[in-house]
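Sharing a structure, written as structure tokens. Questions coming.
Labels A, B, C and D are assigned to the chains in the order they are written; within every chain, residues are numbered from 1.
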Amino acid sequence: MNKIKQVAVIGKGGEINEELKKIAKELGEKLVENNCRIICGGRDGIMKEVCKGAKKAKKYREGMTVGILPTTKKETANEYVDIVIPTGMSYARNQIIVLSADVVVGIGGGAGTLSEIAMAWQYGKKIILIEKSGGWSEKIAKEEKIDEKEREKIIRVKEVEEAIEIIRKI
Amino acid sequence: MNKIKQVAVIGKGGEINEELKKIAKELGEKLVENNCRIICGGRDGIMKEVCKGAKKAKKYREGMTVGILPTTKKETANEYVDIVIPTGMSYARNQIIVLSADVVVGIGGGAGTLSEIAMAWQYGKKIILIEKSGGWSEKIAKEEKIDEKEREKIIRVKEVEEAIEIIRKI
Amino acid sequence: MNKIKQVAVIGKGGEINEELKKIAKELGEKLVENNCRIICGGRDGIMKEVCKGAKKAKKYREGMTVGILPTTKKETANEYVDIVIPTGMSYARNQIIVLSADVVVGIGGGAGTLSEIAMAWQYGKKIILIEKSGGWSEKIAKEEKIDEKEREKIIRVKEVEEAIEIIRKI
Amino acid sequence: MNKIKQVAVIGKGGEINEELKKIAKELGEKLVENNCRIICGGRDGIMKEVCKGAKKAKKYREGMTVGILPTTKKETANEYVDIVIPTGMSYARNQIIVLSADVVVGIGGGAGTLSEIAMAWQYGKKIILIEKSGGWSEKIAKEEKIDEKEREKIIRVKEVEEAIEIIRKI
């Protein structure tokens, strides 16, 4: 199967600093250059920046960013989302983001991101966390695993480029 | 906003007859020719045929078919789905199909389709039902409304082409 | 297993007429007299009256009414609900009401009730519809089945007492 | 409002050691002695032991244990659950457990428990974690907060009795 890979990018919504914006945008752009579709929560913060970055990629074409929303309203998606999936299920939508992923990439993150990393672990998804991005991505990256479940460890990377290298090989 | 329209196509899964297959395929092809993205339940029956039809369209490009699955597994999507969204939420995924739609089009259908039409009504979505396709689409088309809620009536069309005409004008 | 039966009562929310209120209250009272726990959507209309009726039963004790809410807030339950389960999942909570039931009883009803009857059918639940209550309960009762699925037909009863007789024998 | 408090007890499913079983049973028993209803995931491990403990309480009466299941089947609940709520929503049911709670108490725990603690934080729920129980309850208890959100800190207790003291005062 040569289907386009679906990469879930998870990270904090709301206000984020310039450093995080840069990481998210770089990730978005490079994922699309490497023929990956971006699945995210469709809101602001990391979710917005990763979609914004996607659109800078030379290989970008319409349909490469998917936003899975907690609300019932398509209008609540950020402007860089191509395909809008409102779930009306509040944070339970995090499960859907994770299940849609061939690989989950975490950037920084608070409680929402933590719940997504935990679910991704439960569902056996490949998880890559960008260490320098801080937040729960950094903390969990150091642990390498979440519980005693026998499965592939969490992959801890320093830079976006390193994450891309791994995704390319999947 | 000149975003691509998201059209949910709902109808029976499992075994369907040749007449229904033809309608679903025609709808899929014409939706894509008219620059609409297809949102469906991602399984077999109507869902498979509409995605199959989409791929025949001259204007078809990767990403035009989205399958929102009841299961937790991407592998359970039919082969014509480009973007696979497993929800792990059983039939509660029907809500997500309906909420993702700018317009919902019904073809034939049993209990699952009926629940989707009912939800689409509740969420105020524009609903088009193809009368000659039989099943609940035909029955509900004749009623024109589902309850006393003040909202646009259900649009009853005879042929696929008529549905496309209406969608073009949205 | 001599567990208390869980009976889902479904019907219109919002404003309802005196006749429907009476039916819902009678049903609530008689279900509890017959040692059945009531599962409902926890809001107003039929849901409120059935819980109100439950509290009139001589055999009533705390915990006999369960409200499964579409919202994230316990405070949105009606005052007669003992056990409040907010889902935060909008109308997708209808699936949970139906799955919790040993038997589903429908009174009148609009689009929401229709979606619940349809889901109850899909999940193979025993369905009893009170004909004289009108709405979708009456319409679907006349059909006796929703699609070609091989399963027990829908049970059409005239009065609450008749529904209780059937539930007693389960 | 003097409604019975709804306490969500979260912790690892599957095999658990004797020490954890003891804690869970003690918590179950004492919660019911203090007129609290237990909300849990309805499966085995901590969920089973807490329900088992509940039934030892002198003040126990039918209806004090509620199991919110990931599956579509009532039969998958453990035998100590009085009220069975199958969601058919896989781990997304964790949201419902948390939303149903007036207070969430964590015992030990792996990835599932971690996702529940994270969601409880997001939804502003009061969280009590039993430190000596290990797992994520211990780790998160030490952090006292999950992210920068302004809300009440996580309450870290050594023993079950301490948790009960706090719950009594709510």
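The criterion applied here is as follows: a contact is a pair of C-beta atoms (placed from the backbone, for glycine too) under 8 Å apart; a residue touches a chain by one contact, two chains touch by 3 or more.
Predicted model, so just to flag it, every value in this text is computed and none were measured.
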item: Remotest chain, chain C as reference, centres from CA atoms; value: A
item: Rotation, 0 to 180 degrees and nearest 5, that superposes chain A on copy chain D via CA atoms; value: 180
item: Whole-Å gap between the CA centroids of chain B and chain C; value: 30
item: Chain A and chain C: spacing of chain centres that average the CA atoms, whole Å; value: 41
item: Chain B, residues touching no fewer than two other chains; value: 72, 88-92, 95-96, 123
item: Chain contact topology (line, ring, star, complete or other); value: complete
item: Contacting residues of chain A [partner chain B, same complex]; value: 3-4, 6, 37, 61-64, 66, 68, 72, 74, 82-89, 95-96, 99-100, 102, 123
item: Residues of chain C defined as touching chain B within the complex; value: 12, 89-92, 95-96, 110-112, 114-115, 118-119, 121-123, 135-136, 146-149
item: Chain B partner contacts - residues on chain D that touch it in the complex; value: 72, 88-92
